[in-house]
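Each of the next two complexes has chain A plus one more chain, namely chain B in the first and chain C in the second.
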Partner chain A sequence: MATTTGTTAPSQGENSLSGSARPRKKPRRSYKVGRGAIPYLLILPAVLMELLIHLVPMVVGVVMSFKELTQFYIRNWGAAPWRGLGNYRVAVDFNSAIGHALLHSFLITCAFTVLAVGCSWLLGITGAILMQDAFRGRGFLRALFMTPYALPVYASVIIWAFMLQHDNGLVNHVLHDQLHLTSKPAFWLIGNNSFISIVVVSIWRNWPFALLVLMAGMQNIPDELYEASAIDGAGVWQQIRRITMPSLRPINQVLVLVLFLWTFNDFNVPYVLFGASAPAAGDLISIHIYQASFLTWNFGSGSAMSVLLLLFLLVVTTVYLALTSLRSRRTHV
Partner chain B sequence: MSSGYRSPTARPMSFIWTRRIVLTLMAIFAALPVYVMISTSLKPLRDVTAKFQWIPGDLTLRPYVDIWHTVPLAHYFVNSIIVSAAATGLSVAIAIFAAYAVSRYHFRGKRVFTITVLSTQMFPGILFLLPLFLIFVNIGNTTGIALYGSRAGLIITYLTFSLPFSIWMLAGYMESIPRGLDEAAMVDGCGPLGALFRVVIPAAVPGIVAVAVYAFMTAWSEVLFASVMTNDTTRTLAVGLRGYSTQYDVYWNQVMAASLVVSVPVVAGFLLLQRYLVTGLTAGAVK
Partner chain C sequence: MRRTSITAAIAAITLVATAAGCGGGSATGDGGNKNPKTLTYWASNQGKSLDDDKQKLTPELQKFEKQTGIHVKLEVVGWPDLLNRVLTAASSGQGPDVLNIGNTWSASLQATGALLPFDDTAFSAIGGKDRFVASALGSTGAAGKPPAAVPLYSLAYGLYYNKKMFKAAGITNPPATWSELVTDGKKLTSGGKYGLAVEGANNAENIHHAYIFAKQHGGDFFDASGNPTFTSPGAIAGVKQYVDFIASDKITAPGNAEYAQNQSLQDFATGKAGMLLWQAAGVQLAQRGMKADDWGIAPVPVQSGAPGQGTNVDTMVAGINLAVFKNTQNRDGALKFVKFMTSDEEQKILNGKYGSIPPVSAAQSDPQFSNPEQTVLRQGLAKSAVALPQVPKESQFEDLVGTALKDLFADAAAGKPVTTQTVQKRLEKAQQQMTG
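Take a look at the complex of A and B:
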């Protein structure tokens, strides 16, 4: 059987434009280096906005992390005294209260991310495979599955907050009153159960994105592969294992990374679900840093934590890309 | 034109039944909160504070009237529309120019540009929230340009949030437009901008629509910066919806009615245009 990779998939006809594509024998003068300022002018607005909102603040953030920036210096933060690595030292000193809380939050976030990303991807790939065929109700289902992703997070997560209420929520009504699974109604938004709550809500919100990307990716797998394998006698499960999954590998590589970064950095879902003070079991890192900064007005220490978070994400991303690229290169040969 | 979906060839019953059961469970998981939102929004307050009922006992449209008085929802709505529409328009315009440069020109620094832009997606929002907050406050203090607390500040912030993904996706989409088309336009006397406006943009409409939907949703849904960067007059829906919970009581039926009302614009837009989003993703991002 031919080894197949998604990279060889031909582009779809529906994207190419109808109309008169002239023969491509024209001299390609417009794409050479030295056409002067045009490309730079074209990217200038994007560069300016990125500088203003992302890059300069990032540099400022790194500078802030070396300062003792408490509420006394907010109006004139240039005057705040330097603290060297002091903010970092406190953040990674796991014997101190601040460092210990940060470590705890970090570990919670890791567990949360692994569970939420894993399940979102699993639901996404399952849904995409099952919806590959045309069948009645497929369009409706696709719209339904996309709805959690389309709802604004502050509107959808607040529904979950209502469903997870102790006295009048749906979850306790079903688990306790109807199924009698718990001896008394559980608390879902405080205590240890809040971890389960945040994982489930995060999956509910993010799996449609995985589904959307994977369904788009499957459109690029040529039908001929499936037809040829069917003639060779491959069953549907074998086709999934031998054709669908290998073809999706390059998409999975990006998708898992994007899901990981979004989930790890997610502020909106825990913030709407728990409010500004998250329970210990649902104390995700971005909420933790937000509280450390805005409730205590200690921006220096908050910045140091953010920089550490960014460094961690950079390392993970680099290692992940190196590992996955290495593996795919090996299997392609 | 291939539909991209496999025709229903003979499938074993095991597969058909797996599909039925699994998709049903997924549909319940996806739809349950939506059902709760709709049904709760039609209940009177006393039914909402008591035990949960699957089927509403008394139906009322009262919450849909009350939501406009309990908090200045219309005001927040206007703010959200202004901010999201402006951020979307600017973001799409900037992304089109940048994507055109990336897909049609070789220039020094192109790799650095694309990698830097994409890597900003990795930044934790919290990392530049604090500095941006200080920068906006200090710009206000020194120049008198009020960015902190203003709609303008929120607009330029949101437009950069959707910019990386938009540039990436549009550049990919434009790659799929035959270069012969814009070369022909240039031969006919158009400059590079003429080719962009007369040929590339009309051909890239599905990609542009997809990017616009994405940008609008991003701006409409953002919570973190909205909660820090707005004041009473510029407050958006993301923050305003909290007004339904007082210290003593949460008007859950009004919360649900308001959630439904503020969701309608984005959900309708998204579901109507999701075809474009899939096409745009297929052409641009997933290649």
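Take a look at the complex of A and C:
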């Protein structure tokens, strides 16, 4: 893959460059057009491969969503009868049990995503600002904060699962046995508290990524800006508001989007924490779809839900990008 | 600025795209004998660990290779993955030649058409159908169709009790009815110790118990034509009676509601609970440090009277079946392997190692299966066992009703009331999810 991309990209770039340059005989102008196009031509092969690798399974998934693909047909998908929009109708009929459960799971996931992304970002920006200036032990702290992100998902989340156990878990030991904050030990892996558990574990796992990206972004902010503003009498808050945040705008734009997509789609964390059948309060959409297809052996219905999820994420992403680019264009013009 | 947002957009679309990815393929080949020298065998996890299974099975597989010249590649698959692996194999056609399945999945997997049906020809190749115990054959697929698999290990539920705790509480005989069990359980429940341990978040365990309870109340989860009847009065009463161990009887620790990794076995072995309903627990209790003299076994209680048929069943036909993948490229070799594994001699060795009961009549009469534990299990299988529904939707039933039970246990553990109405509502939801 890598070698193909590497070798084809420049040659395509050159071809189109010379192809557009020769017949016109206006070197200056065409040079300009070509130069603008080079980056796009360079990434073209990669984009094509990406689309091929991702598009084919996606198309198969979309086709499956129109079929009644149950256990009777998984050996021969072609023979599965077409259901038209039947799978979709069931999924969005919120009065039926399946549609109602999907809506419930969707709303849970929205709340979970807003909380998890919001807190991850807040922790990340706080940490990045506090560690912006060099001090003794900064390197150690940075490495320490990165640990949750560097650990394998399964290993770290299974430890959380042990800590959150009712009888022997560390969390109950601290909250109930030591601090006496609860009247009796709470359940964290079943029942309503499972929502809190999944949010906390997700933040614990994702905030180091926010920290990493924001720290990298802050290194590009020239120190002169801070020095100049300090001479002009700006306080720390003003510096954060007027210098740090505006400079980080492009970083934040991508960071929040990426965190949103990862969190919304997260499968590993809830799966390891709760197992295949998640409690209602922690029934995130990816687990829900997994259950709707793999555990009940109805892959058509599961695919239909996946397609709906894809559409939702595309709409959110498009609107988000449109809004943020519009705002940044306004502020920069 | 513009370039950043375009890059971001491309990155975003790629990220979004990964969300909906699904693989594809088709698998309709019917196998043959192109590859007669090797076999791939997926064994289920019967021992303490995957490695334990490997050590137990490898000598037998070497014996088979010596006899036939066929090399068997063994892979032990854990229970959480096994059904998914089988489903993936069925849809892609890339699978093992021979595999173990939970016997309750037989009808569901039979419906996929991925397993070789054991018709008369196949049965004669492995030595005949009448070698097997009738009750074990009752859990090999839908009635009226050739079985999708043959029984390999048979298991049944028994009531395990801690002799010392019983003596300390002044209980002389193990309970024979559920009301006796609750009375005894209350005597045992004090000072952080409880009467009964349950595996409250384990779908398979929950389903097995709920099914027996429902049967004892004259109910069932499916009607004769295979349609779900989750909300029949008997099913509701059965589920409620099981959840009540935590909810109203309070003879089970609330923490058991989140058990799914055999912690109940551990609790029983360490004396945190005085009773346990389990399949062939003996070997596993020994591995957890409980001496054989410290525990006793009795038949699982019934509502009244003695275990038998009808509403007095007290165990399911539990066990492992051995199936041949239809796409196998070594069908004759696969059948030879099934014949080997179900031979009298191997049945004695394998079931002896795992503490299970041989489903082959000639092997069952071996004296090593006449110790107190296996006598109770064997008699349960012969006289008072019922097979779980042999319908294509069985595996969905395990998932949906299993999840319902997990939720109800969670409610009970949190101190929320569990009534006939709440049970009915939860089972109604499960049934609607099944029928769409």
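The definition used in the following text is that the second predicted complex is superposed on the first by the 280 of 333 C-alpha atoms of A that agree within 3 Å, B and C clash if a C-alpha of one lies under 4 Å from a C-alpha of the other, contacts with A are read in each partner's own complex, and residues count from 1 in each chain.
In this section, a residue touches a chain if its C-beta (ideal position, glycine included) is under 8 Å from a C-beta of that chain, and two chains touch if they have at least 3 such contacts.
The shown structure was predicted, so the numbers you read here are calculated from the model rather than taken from an experiment.
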Greater chain A contact set [chain C / chain B]: B
Touched partner set for A:268, first chain B, second chain C, both or neither: first
Which superposed partner A:126 touches (first chain B, second chain C, both, neither): first
Which superposed partner A:155 touches (first chain B, second chain C, both, neither): first
Touching partner for A:187 - first (chain B), second (chain C), both, neither: second
Partner chain in contact with A:143 - chain B first, chain C second, else both or neither: first
On chain A, positions contacted by chain B and by chain C: 39, 43, 47, 50, 54-58, 60-61, 64, 74-75, 77, 167, 254, 258, 261, 265, 294, 299, 303, 306-307, 309-310, 313-314, 317
Of all residues in chain B, those that touch chain A in their complex: 1-9, 11-12, 15, 18-19, 22-23, 26-27, 29-34, 36-37, 40, 48-52, 93-95, 97-98, 100-102, 104-108, 110, 113, 116-117, 120-132, 134-135, 137-138, 141, 156-157, 159-160, 163, 167, 173, 176-181, 183-184, 186-187, 192, 203, 217, 220-224, 227-228, 237-238, 241, 252, 255-256, 258-260, 262-263, 266-267, 270-271, 274, 277-279, 281-283, 285-287
Touching residues on chain A, where the partner in the complex is chain C: 39, 43, 47, 50, 54-58, 60-62, 64, 71-72, 74-78, 90, 96-98, 101, 165-167, 185, 187, 189-192, 250, 253-254, 257-258, 261-262, 265, 275-277, 279-280, 291, 294-297, 299, 301, 303, 306-307, 309-310, 313-314, 317, 321, 324-325, 328-329, 332
Complex contacts: residues of chain A adjacent to chain B: 11-17, 19, 21-24, 26, 28, 30-33, 35, 38-40, 42-43, 45-47, 49-50, 52-58, 60-61, 64, 74-75, 77, 123, 126-127, 130-135, 141-156, 158-160, 162-163, 167-170, 172-173, 177, 204, 208, 212-213, 215-220, 223, 226, 230, 235-237, 251, 254, 258, 261, 264-265, 267-268, 271-272, 285-286, 289-290, 293-294, 299, 302-303, 306-307, 309-310, 313-314, 317
Complex contacts: residues of chain C adjacent to chain A: 1-5, 8-28, 80, 84, 87, 90-91, 93, 108-109, 111-114, 201, 203, 253-255, 257-258, 260, 392, 395-396, 399-400, 402-403, 406-407, 409-411, 413-414, 429, 432-434, 436
